Structure formats: C-alpha cells, structure tokens
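Letters A, B, C, D and E name the chains as they come in the text, with residue numbers starting at 1 for each one.
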C-alpha cells in the first residue's frame, strides 16, 4: 500500500512544525524552567500551575479560545495586527504558537527537574572559577542537564506530532500549511478510508515508540552513572 | 446564567468517572511505578516507553483503535464477551478503561519519581526492624512518597476530566453514561450555544487551576523541607 | 410504552433535534436518549457495536454503506431533511453578502467544511466549481472539521466569509438579512440527510414510533423552521453518486 | 547444650572487591570489626543482615542458623538490630514514632521497665516529640540505637555509629555505648576504623584488610603485641586491665595493682574493686635503667624486655615489648637510646608512664 | 605604598546563627580558621567569596576592596581560588577538562612552567584523563586544589579540604599543601576543625566560636599559652621552631638548637639549616628535678616554670608553662607530682621529651 501525495505532504509538514515548535519550546521553556527551579518566590506555585494548565484542559476547549483570542477581535489578534503580522489562525505560525502553548509543560517539567537535580553547588564552583552567569549556563548547566533537555526536546517534538484538537481548530486544514499527520489520520477515519488510516497510524506508533524508547534508554544510562556510588555504610 | 440539567448530569458523570479512573490508576499505576523505580531489568526502557505512549499519540487515534479492539471483533471485545461482560465501548466501564490507559503516564511518572527519591535506605532500615515487604510499603513508601502520590492522583483526576477525543470515540456521547463535561462543552460549541460553552469552560478552567495550584504549593513545602539541610561547607 | 430509544444524531442537527425531542416527549411515554457527533465517528461506532437504535446522518453515503453492510433494517432508509447552503459573513465590510463577493475574490480567507468528510463542504465545493472559482480561491480556503467549526471560523472573524448551513445562521438572532446569502439550489447537488432504523432497534417500539414521528407533518414543520426543507418531490432512492 | 558462638562465613565477589571471611566470634560482649576504608566492613555487616546476598554464605548464632547453602532468611526474619553509619531515622516520623515502629514489630511486648531503661541510658527522654531534622547528629544516633534495642535483637550490628560525628559529639555518645554493653546482654558487632574507639569499647577484634581477616582475637592479645599485623601507626600501644585497689581523693587519682606496684591514673569515679581497662600507647612509654624519684612521671614499673623490633613506619624508632606482671607493655624508643642504654632482649628495666598519658 | 593586610569585617544574622567577625590578617602565609562544627567557618569563607551576602560586610586585600557598604563584587569578579569541603569537580568533565576550565578563565595566560609545576606538586600528571567518579577522594581534592591554583588567585580559600578523607588519605595529601605555601606566594585562608592540621600547616590562626572570634594571632603565641582560650583538650601543646643544626645519619635523627641543647627528633629528610616546626603536646612533657642519663628519654631541656594553672578538663591535672630559651613549652602534670616535686612558679627544672613524641 502506498501513501498518497497528501499523506507525504502531511508528514513533511508535521516534521517541519514539530521541529520549529521544539526549537521555540526549548528557547522559551528553558528560562521558565530555570526560574521555577531556582526561585523562592511565592509566585512559583502560581506559575507552575499556569504552565501545567494545558495538561488538563481539553484541547478543543483550548483551541476554541485560542481561535477567539487570536482572531481579529481577540487580544492576541489585535496585538499581531497592530504589529503588522495580520492574524495568526490558519497559518503555519498560528499553529506553531498554539502548539508551543499546548506542549509547554512537557518541555518545562523535565528541564526544571534536571536543573533542580544539579543543585547549586556546581554553579557556585563555576562562579569561583570566574564564570559569569551566562558562561555558567553554557559551561555547566547545559552539559550536566543534557539528558533533561533531550527528554524535553523529544517529548515536545512527539507531543506536537500527536497534537490534534488544537490543530484542527486553529489550522483550518490547509494542505501543506496546517494539515498535519494527526489531522490527516482523522480525515481518513471520518471519510471511512480505514486502510490509509491504519497505515499512517502504524507509522506514527512506531515513530513514537522508538523515540520514547531511545530517551528512556539514554536516561537509564545516565541514572545508573549517578547511582553507582550511592550505597554507603 | 444557569446550568441545564444536562450540564449537571455531565458534571456529575465527569466527577464519577474521574474518581473511578483515579482510584484504578493509583491501584495499577503504583506497582508499575514501583517496578520501574526499582528494577535493573533491561525491559525497563521498553516498559517506560510503552507507558508513555499515550502522551504522544493523538487521542482520536488511540480512541479509534481502542474502539476496534474493544468492539465485538476486537481482541479485548472477544475476551470481554467470552467473560460474559458484553462489549465495553459506549459504557461507563469502557470509558473508565480507555481513560485509565490514556492517563496512565500521568500517574506512573510522579509515583516513580517519588519512589526513586526515597532511595533504598529507608526500606533497608524497615527490613532491619522486622517489617515485611508488604509492611514496608505501607509504613514507609506510602507515607514518604505521599506528595508524589498526591500529584499523581490530582494529575490523573484532572487529565481524565479534560479528556476528550477518546471519550467521544469510545463513549458515543451518551447522556449520563458517557457524556462528560468536555464532550458537553463540545456539544454546546457545535450547537452554537456559546454562552453555555463559555460558562462550563470557565468552571473547568478554575477547577483545573486550583487543583494544580494546590499540588504545586504542597510540593513546594515538601521540597523546601528536604532542601533545608542542603548547604554544606 | 416506557421504552427507550437511543438516537445518534449528526451534530449539525442538534438544534432542531432538541426541539423535536420536546414534542416527542409530549406525545408519548417513551424515553429518548440522543448522542450528537460526526457521522463518520457514528459509522465507526455502529460498526463496532454501538447501542444506537436510530441514526440520523448528515449525509446519505454513510447510511448507504451501512445498508450494504446489513447494519440497518432494509427499507427503513429515508431522507429526513435537505440542507440549505448559505454564504455568510460576520464582517460588515462584506455585507450585504452575495455571490459577487466570491467572484470578486477580495477576501482573505474563505471558510468551508472539509468536502471530504462533510456534506456541506461537498456542496460548497459544488458552488465554487459552478462559479469556476476553484483555482482562484483554493489558496484561500480554510476547512472546518464540520460546519460547526466552519461557523466558528467565520463568527470569530478569522475568515471573512464562508459557506455554512442556513440552519446555523437562523439560530443566531444577531444575524441580519444583510449578512446571509442563500445559495441558489442549482449551484450544488442537494444536501440529503438520511436516517434509518439500525439493526439493533429492529424490535424497539420506541424507535419505530420515533421514526414515524419524524416523518409527521408536525415535525416536518419544525425541521423547516430551522432552515431545512423536505424531500416532497424527491424519491427515496435518488442517489447522487 | 547451647554453644555460645557466632560463626560467620561469607565469600562474595563484586566487581572490584572480594569478601572472604571465615571466623568464629564469641556470642557475648563487643566484637570490633576494624579496617581501613574500603576493607569490607560494611559489606560484611550487610551480609550478616541479609541486605547483601553473598554468593557463598553461612551464619550461625548460638546454634541458630540464619543462612547456609540451602537457607537464606530474608532480612526481616533475622532477629538482629542494626545501627547504620549515617542518619537512618524515618524522616516522616518523630523520634517517638520511630521508637514505636520498632516496638510494634518486636517479637514480644516491651515492658515499661525495659523501655524506661533504654530511654534513660540513651538520654533521649526529652526529645521524643521532635522530627529527625530537628535533632542534632548525636541525638539522632542515640534514638537510632534505642530503636535498634527496642526491636529486641539477639545480636546488635553497629556500623561506625560515631564516624559521622565530630569529636565533641563522639565523646558525648561513647559513654552510652559502654552502658549498653553493661545493661543488656546482647552481643554487639561494632564496625569502626578508629582504633581509639575499638580500644575503648571492644572485647574482641576482627581486623579486615581488602576483604580478608588479617588478625582476630581478644583485644588485649591482638593490640598488645609488637608484631601485631594491625597497621595503626601512632596508636600502637598495649592494653592492661585491673581492679581498682586504691583511690586518692586529694589528688583525684585511682590505682590498679600492676607488677606489684600501684599504677596511678586519673580517677573517673569508678568504684573500688571495679575492673577497668587502660590503654598505654607505645609513644608514651619511656625506659630507664634505674628508678628516678625526682621526676613528674608517676608510674614506674619494673619490666623485662622480651622483644625488640624495628618500627615499620619510622627508621629511627623501634618497638620494645615489655613484660610486666601480669601483662605486657609496648614502648616506642629511638634506636639511638636503645644503643645508648644497651637495651636487649632479657634486659631488666623500669618502664615509665606519665599518668597524664593513660587513656581510659 | 602597598599595605600587606587582609581586612575582614562581616556581620550577618541567619535564623539560628549570627556571624560577627572583624579581623585583620596578614596577606601572606597560611591563616587557619579554626572552630567547632557550626561555629561559622564556612559561612565566613562564603561571605569572603561573595557566595553569601552578609548584611554588613567589608573585605579588603592589599588595599583592593571586594566589598563595602556601597560595593559588592559578584563572586566571579573576585580574584580568589576556592577549594570546597567536599568533591566539587565538575562531574561532566575529566580531570584535565576541569583544569582547562580554570585555565580558560584565568586572567592571564598560564605558562607551561607554572602548569607543570602545579601538576607536579599535586602529583596528578597520570590521572588527567579520568572522570571524577574514577578518582579516589584524595586524588579528587588534589585536582580541585590544582584547579583553584590555575585560576591565578590572589587569595586561596580552602574549606576543610581534608575533612572528608580518612587518616591515610589525609597524610597523603598534607605534604602537597605544605608544598603549596612554599612554592606559590599566595595567602591562604585554611578552614579546619582539626588542631593537628592547623598546627602543622598554619602560621596564623583565627579561632571562631559561635560566630565570634575568640582568639587570633601567630600560631606559636596562640597555641603555646597555657591560658589559651582554645579548648583543644588532649591536643594542648606548644610549638617550637628552629633551624636544623645537626643530622645523625646512624640513628636517623635530626636536631635543632634549643635552650643551649640539641633537641633531637626523627629525621624526615629536611636539609641542614632548614627551619622546621615541632609540636610538643603537653601530655608528652614530663618534669624532673635533675638530669637523668640512664633513661630512654632523649631530650632533656633546662626550663623555668613561669605559670601553673589547673586543667579545666581534668581535676587531677595541671598545665605547667615552661620557659626555655627561646620559646615556651607546656606540660600536663598530675597535681600529685606537682606537690611531690614541690613545683612552683620560678622553679628550675628539666623538661623531658621523648623523641618519639615529637610531632613534625
């Protein structure tokens, strides 16, 4: 059985979307995670809850409100219009923003955990070795927390790939711009084209599984390295 | 503005479903989390990836295949039929099973992290104080990992509340049996009853937010207790 | 009496269905339970043992497929409503709405339901093709999963204009005659919404009563008041494929 | 007839380390397990506890088997108490609740008497309602010891219970450990790398090196020999025991009888006739050929040199074994003095020990 | 004109603890910061490093200010090196890469010479390609010290660099620290709670108790006084310094001139004319009224008693301050002997010290 051109387009678009989203997630998720890991502010719980909200809200609800907010009369829409960007729904970048919002907790939490696990000692050590805060981040935090960043990247990527309800709502199902694999599978199912649906789903399941397997295997190596000098009298 | 009877039914059903699912999740998630936290088996990565799969797959895809599997010709369906249980889709218990599958990673991961954080020392200590493995679990693991279990319960509960794609597919939107809040909101939106949709959504957002805020505040207290004797020379 | 009928209803028919249920309950002691959703999903569910007695689809194709698969009671298939396609805009700059808007091609986004899975989308495509606009406008299409989503695209202002069901715009009071244009029938193939008695409702008196009720004049009037019309002159077996 | 022995036989290989121990220990008093860091002390204790599964193992106490080729009692079925090296109180329970954890799981009801006695000896009556994080290191270890006693053990395993404490806390807790041995008739295996602790507390010693037993026996015999295989450097010395025969309240001194002389040391308040153990380091013993009356050195004992060996650690020094009656002393003397004073095996000399130098 | 001083002034209150320090230290040699656990040593070092922000603080070294009421240089702008109490190597870098981390960030290029010298002194040439988890505790600390040197500090802060190591590893690393002071002209603040370490390494001492300075000054003056406020119990003793004037290769002994006598001790291989520091514990000094030739005690020095005070820790003992020329000794003598020998302020006596008892 062969994939149709539409299917290939959907796969290509999905990979492009997921890569873009992952990159942006890492860029904005890292400072948030950093702040959450280090702060003693009483806002911490509040911000954590806010970041985690998308875990809980049904994607269609999120999509519905994002559609309104990003529309010409919504706050976001008026902002983007005043910036000369037009409105975002039905564009690739609209999808990117919605997906970033939706997958944020999947990226922030592993990075936060990894940074918390470093503790503040390595950073103090680096400071005594004349490393500026910026330098400390790149020479200490990033390399030590690498597995956390990797988990974050893979989860963010994979979750964007599987993202559906929001994409449907914000995307408008535009081929090559917003019609991603999950929507394509959905369309196949709705159109009773079950063979194609099965085929695409199988590809997706295998992809997800091996992505996950690889991070968990990597993480295990890391953990066992740390644990090796655990037991003490 | 008032909620309709249907809305109340949906809220009641949602709470009943989420409670049942949370209970079951804790019961089956705990041994899985325990095994993952303790094992040195080479299957660990494989099982971790399997448990995390629902994080990544689009809910409609999961729902579609669960529907087929639990239907009269599916493996699960044939099993349940041969056990005299009939088939599960479109029943409360079908929804329960699907939701359990879907929310499993949200329960397993916090419990696993909490158990890993205990380390094996308290368990060894308990063993030297004549506590059997069973006793050790209830007298040591459970109380020490309590915040992890609480996070797991709240996430599992909240995620079930917000669950949508699977419920729609497996549940069939049957009032008082499978029509939960998220589906009800969806119906309101479909029927262009936006006011009701906004109202129900607002309730849901507030609920989710305070649920999350409370666990994160709790967790913070816990963490600061542990951290207080961190700094050393 | 006192039996229960479980009805699967296409989402686009929610509003008239709620009205019909109220009337149905007044007339007899049956209990009625309705599920709303997309017809494609209902098809998958019925194939996998869903406990529905009656299926009110949004199209004809799914019912026919079910018939071929012997999942409905033979001879019970009929068209309960014919949808009316409307062009709608929520943006005053595009009002009064008429076909010239389409041919002028001045809009940014044109909303329609996904033709592959939604009958109103198929009808919209017919209109576009009839007007020979498909190449000019294809880049501006935004497709909703169903007409409800299509409606949201327009009502939120994200699409300036789009094809919706007349039944939808009639429900919303704020719509003026200026904002809606009813598409001439000759521009698209009729949107036939079929219903049928499902195999498991075969011996359910409530199901039989409900199907009979749907075809009563009273209900016909209700359905029409929501912007649909009835297939007075169209034979049951008429097919468009 | 009951055999009062502990038989310990373990053989197990880990990646970088092999433990191979086969000893018979007295099932009473304190037996020290002594060795450098990494010598396998903890591993041995964990094998005994069943926390580590030795590839070959056998353990028997008073004819009761815990483990052999066909038997492996799980940890919670072995009737011992364990005091871990570092903090091991349950963090979610108060001190009181930590004790209750043991009481609830003890094989027999704990009598109010025993309970009060344990609390009094450990001196923890006033801190019971605190959580571990509000206890000092020393208090925590005392609660842990009390907890290990309340489980009614037939054997007490203690893994460097003082190692993580500073000098002040160590001296604070040491008397409690001595009390333990006096008040409860439970054999104790006491792991330590500090020969000071061992000398003060133990009756019997097993010295480990690299997983093997390099010496074992009664503390006096093992430590008081100049050719002891134990490498304890500066701490080399002999141990003597005796009954207190006189107390001098003016000068706060006490004396035991040694070599027909009174041997004087600081009075710590022990009663007359009580047996005390004194440790006399080799570096504190000097030798004179005659008895000098005009020096501040209080103790001068006639002795016969039975052996002289070179000090492994210091080419300028030798260790001299001195026979007093009863017992032995060791002196570390410069080779030059040995030459100047013509000291030889068989020489009759005076061993001089300041009372300030006696450790007890 | 440059002022060769370190001025340290910090006042800061935490929940259970207040640090209040105001001292002027020499900007050369090793200054020990000594105190019991919890006395605030680490807090003080962290304040100096800028890792802790004292509510009131001022720090000046050689007229260069790091902190005052209006100035707070962040840690990475202060030119010091820090050796943390426990392992602090970056776990993701090899030993070599850990060193490179410092070299890259040092203010000036590191000359090959300096680099080789540091590696040689620390004895880490052969372990550079290992990751920290494959280094022993001692090796890790040596790499950490090398790293702190390679950052080209103007001040070296060392927080109990040996505390977590066992006796064997301690003795292994101590010589490296002595080398440090000899080869690099960097002032060192050395935190320790071990008076043995302090006595061996430091030139100057600041003693902390409960966040306050209870004594400070040159090591010899502070430690050799019987009324020293430092509570060091058994370890009380004096420190003497002198040039090696003779070596006896037959008996492996070396001597310095003291009170017109040769003072003999074990030869550790130091060259003739080198100044060495010897520590003589009070417990090792006995007093005789005449000079005895037939005893194994090698060193007998004429001395005059300048003071006698009761030992706070032991009612049976007194501390006797002995003036030799030059310098002072302390002897711990039983009160009974003081009485028997009629020792008084001004008495002329012989101080006897075994060469086995000299710590150097």
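By our rule, a residue touches a chain if its C-beta (ideal position, glycine included) is under 8 Å from a C-beta of that chain, and two chains touch if they have at least 3 such contacts.
Just so it is clear, the structure is predicted and the values come from calculations on it, not from any experiment.
Under the touch definition stated at the top, chain A and chain C share these contacting partners: B.
Counting steps between touching chains, the shortest path from chain C to chain D takes 2.
In this assembly, D is the chain whose CA centroid lies farthest from the centroid of chain A.
Taking each chain's centre as the mean of its C-alpha atoms, chain A lies 55 Å from chain E.
Chain B and chain C have Cα centroids separated by 36 Å. One inter-chain figure worth recording: chain B and chain E are separated by 60 Å, centre to centre, where each centre is the mean of the chain's CA atoms. Annotation for chain A: residues 64, 186, 189 touch two or more other chains.
Multi-chain contact residues of chain E (touching two or more other chains): 84.
In chain C, 41, 44, 152 are the positions where the chain touches two or more neighbouring chains simultaneously. Those residues of chain C whose C-beta lies close enough to touch chain B in the complex are 6, 8, 11-12, 14-15, 18, 33-37, 41, 44-45, 47-52, 146, 148, 151-152, 168, 171-172. By the touch criterion stated above, chain C contacts chain A in their complex at residues 38, 40-41, 43-44, 62, 65, 109, 111, 114, 116-117, 141-145, 149, 152-153, 156-159. Considering their complex, residues 64, 67-68, 70-74, 77, 87, 89-90, 168-169, 172-174, 186-187, 189-192 of chain A touch chain C.
The part of chain E that touches chain D in the complex is made up of residues 36-37, 166-168, 193, 248, 250-253, 264, 266-267, 282-284, 286-290, 292, 294-298, 314-317, 331-339, 341, 343, 352, 354-357.
Contacts from chain A toward chain B in the complex involve residues 44-46, 48-50, 52-53, 55-61, 64-65, 106, 113, 119, 155, 158-159, 161-165, 182, 185-186, 189, 197, 201, 204-205, 208-209, 211-213, 216-217, 220, 230.
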